[in-house]
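Common to both upcoming complexes is chain A, partnered first by chain B, then by chain C.
== the complex of A and B ==
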């Protein structure tokens, strides 16, 4: 196994680009299926129910997860002023990670599923994922133990905590002590499943994405973080609040009222950790936005933070029962999912990738212009997804409240499904562009791109 | 209540892990010298490198796009909130 400095992070980025392509193809297959349900003529490995969990897990773990893990491994070493404890162990964990994802996906396509959202992968894949998380944590932890900088920067807190919590929720959420089913029983299983489902976005994707933003924003702005103290307040409050609000996903089931009250009030309290991050980063970048528009990594991170604002305004609102009567179990939530998982964490993951990759390879990206095209495709695509799915969701919600039947509602939302599939093409294109650019940046000769931004000026820091 | 004890254990474990980490942090001086910590993301030589800023046209375009998105999304969310409340009243 070739061991090189930052080789683990580089391969995590490459893996992410590959999974992104696969994930968008799965997404577009499902979206097409909803427009023309007979298209695949009952081919078993293309049915909606198999491709859907493949799409969600490919995106969460394969695309966003891999890029965030790669960036985190690079960042923790950088901010602790210490090389990664073991690149060899890093590569081993990378392969276990990728093979487990592949096993989980192939099994799903063959019809083997644990049947719980985001926890569909079968037991052997679960064990692999847990092992990979444990090894990555151990590697980061040892790096922290050997650190040359006594005080841990906020990103390292987020990364270490994210890894510990993800391991815990993944272990319990997949009920790995119960390999046959990967579940427990009855309503407690629903509560457990959403402790997990919520945790996987809130305690895996969110902390790692925030860690990346806390690293990249000050660097692109060339300015110290506005307040490290405030960033730690945000960190400790998210740890205290996030773990117990998962029940806001199942408010309309007969779970005990006290769980609902905790979930709803916790959802609203989430405004505190979210605002600490956004205010802190905004005050760091204020007056220096020109630097962000110019840096492709910074640009992705900035857009990701904009999506974060919207996700976290939407989140507490849709946790209110009065709103959920209209929004629950329809495309409104699908809009929120894409907003959170792609808009916020996926976009920041791409920002981390584009910012860090050239610093690993030691040469510029193969093409900043291609990355820019990808950026605009994804920005437009995300805005389109959000608008279309939210509108479709409101139509569904309204029909639901009016007591409309499903067969009368389906034609009403057909147009939104067609639009979703069409917008999906932007994502597919963007994913392929990204894969090509990243492969060429890693293996190819750097392009001698003509100066792209002729009008831009070099400035000194004092300006 | 006992029926849901599993969930309480999980929240308990999470809180205990967090509190232990917090105590460790406080004991090892992680919350001191916060002014220096603000600079940790910046590498030793980053500040001396020249930087590029985008042209005004590009800045306007990008800021406009992001602001447009925020406004669009917020108006959608406001509509949902109002609809939700009106439907409840009706």
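== the complex of A and C ==
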């Protein structure tokens, strides 16, 4: 196995770009299915409900997860001024990670699912993912133990804690002690599944995305972090609060009342960790927004943080029972999940990727312009998705609440389904552009001397 | 506060412990003392097989399995209780209702309706966006149907029995020929409805509205020309009604309205009272009467005081 500095992070980025293409193709297949349900004419491996979990898990673990893990592995080494403890182990975990994702997806496509959202993968894939998480954690932990830099920067807290928590919720959430079903019994299974389902966004994607933002924002702004205390509050409060609120996904089912109370009050309290992080980062970048427009990585991260505040204002509001009467079970929630997974963590993951990749390869991106095109496609696409799905969801929610049947609302939301599929084309295009750009950036021609100077200028080594 | 790897890991464990206690252990402990609800019964092996197919193919992404106290659609007669879920593994609560909730689906339709619906949902529900499941094969579809007919447990069993009883009655009537069949169909409509003419006069806009409703609800079974030869016909027995046999057999607007509103339990004809409100039922009834049966009693002189929107007739 070839071992090079930051080779693991680089390959995680490449994996992410590949999974992004697959994930958007799955997405557009499903969006099209909702418009023309007979299009795939009974091809079993293209049927909507098998592609649906493939789309969500490809995006969460494959695209966003891989990019965030790659960025985290690079960042933890960078902020602790220590090379990654073992690149060899890193590459082993990368392959276990990717093979597990592939196994999970192929099984889903063939009709083997454990049926609980984001925990659908069969047992062997679960074990692989757990193993990969454990190895990556061990690698990062050893790097932290053997660090040259005394002070641990906030990004490294989020990375280490995120990896520990993710392992625990993945283990419990997938009920891996029950290989056949990957579930327990009764309503507690629903509670457990949503403890996991919410946690995988809140304790895997969120901490790692926040770690990336904490790393990139001060560097692009060329300014120290605004407040150490705020970052402490944000860090501990997200771990305390986020872990409790999964039951807001099943608030309208007959689960114990104490869980509903915890879920609702916790959801509102999420404003604390979110706002401390955002205030801290925004005060760091105050007066320096111009720098973020010049840096493609910084630009993505900035957009991700804007989506973050929108998601996290919407989240607490839609956790309220009175709001859920209209928003639950319809496309409003789908808009929110795209906002959280793609808008917030996906956009920041891409920001991390574009900021870090040139620093790994030692030469600029193959094309900053292509990355910029991708940025705009994704920004427009995300805004479009959010608008269209929220509007469609309100049509559904209002109709049901006022006595229409689900069947009667289908023609009403047809137009929103058409728009969603059309907007999906932007995502597919962006994903292909990204894959091309990243492959060319990694396997480009070695830079000549004059190019290296340009590189240094481009990545800010020569001021 | 000085952050070290040890602080992070220990702090994380201190936080996650109460979380696991509250969100994993305590719900599990509560479930240990949970009693089955009044309707609960165990599933048969065939129903379990159907449930596995349901899980593996992701039906749960479009169909929830819980009824809330403000729901209107099918199943709304019974709000879900925690004791209903005692044997669920994995849970199938669901998060989206692109299709209807299924927690009380058992016995809503007879098996033959389900067969047509699984082969292609648009055969019986033209606006549906559900995929065709023909590729699963006959055996798997039958298991899925068995599972669906079990949703609602004992309540569902009662409804399924009712479907079976009325299906045998409907088949007897169908096999006795058109005269007897129509007599049987009309005979089960309560007295006042059989004598009730459609109180609204025929108009072109009214027929257009009826046509629109017909296309979204009726065309799959009764077909575009109302001869009962829609795409679902090969799956259904007794077959969908050919409307022309109603001619000269005492059809009234009231009978049409009642049959559309209530459906004919036992046959594939569902009730439409949840989908369609009054005007839509009168309009589609009159569309069928005018276009396919060729006789209508719409707006006959006994209709009472004209409703205010109706066009004013010239006084001769």
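A few comments on the model shown:
Definition applied: the second predicted complex is superposed on the first by the 445 of 463 C-alpha atoms of A that agree within 3 Å, B and C clash if a C-alpha of one lies under 4 Å from a C-alpha of the other, contacts with A are read in each partner's own complex, and residues count from 1 in each chain.
The rule is short, and it goes like this: a residue touches a chain if its C-beta (ideal position, glycine included) is under 8 Å from a C-beta of that chain, and two chains touch if they have at least 3 such contacts.
Computed from a predicted model, the values in this text were never measured in an experiment.
Under the clash rule set out above, the superposition-derived model of chain A with chain B and chain C contains a clash between the two partners. Look at A:309: by the touch rule set out above, it reaches chain B but stays clear of chain C. When both complexes are overlaid on chain A, the residue A:78 reaches chain B alone and has no touch with chain C.
In the superposed pair of complexes, A:330 makes contact with chain C only, with no contact to chain B. By the touch criterion defined above, A:405 lies against chain C but remains apart from chain B after alignment on the C-alpha atoms of chain A. Using the contact criterion defined above for the overlaid structures, shared-chain residue A:168 touches chain B and also reaches chain C. When the shared chain is aligned, chain B and chain C each come close enough to touch A:192.
Once the two complexes are overlaid on the shared chain, A:239 sits against chain B and chain C alike.
By the document's definition of touching, of the two partners only chain B reaches A:379; chain C does not.
The intersection of chain A residues touching chain B with those touching chain C, taken from the two complexes, comprises 152, 161, 164-165, 168, 172, 184, 187-188, 191-192, 195, 232, 236, 239-240, 243-244, 255-256, 259, 325, 401.
Those residues of chain C whose C-beta lies close enough to touch chain A in the complex are 1, 3-5, 8-9, 11-13, 15-16, 19-20, 22-24, 26-28, 30-31, 34, 55-62, 64, 66, 68, 70-74, 80-82, 85-101, 120-122, 125, 127-136, 216, 274-275.
Considering their complex, residues 33-35, 37-38, 40-44, 47-50, 52-53, 111-117, 120, 141, 144-145, 152, 157, 160-161, 164-165, 168, 172, 181-193, 195, 232, 236, 239-240, 243-244, 246-247, 249-250, 252-256, 259, 262, 325, 329-330, 333-334, 396, 400-401, 403-408, 410-411, 417 of chain A touch chain C.
For chain A in complex with chain B, the touching residues are 78-79, 149-155, 161, 164-165, 168-169, 172, 184, 187-188, 191-192, 195, 214-219, 222, 224-229, 232, 236, 239-240, 243-244, 255-256, 259, 289-291, 293-295, 299, 302-303, 306, 309-310, 313-314, 317-318, 320, 322-323, 325-327, 332, 379, 383, 386-387, 390-391, 394, 398, 401, 453, 455-461. Residues of chain B that touch chain A in their complex: 1, 3-4, 6-7, 10-11, 13-15, 17-18, 21-22, 25, 28-43, 46-47, 50-55, 57-59, 62-63, 65-66, 69-70, 72-74, 76-77, 79-81, 83-85, 87-88.
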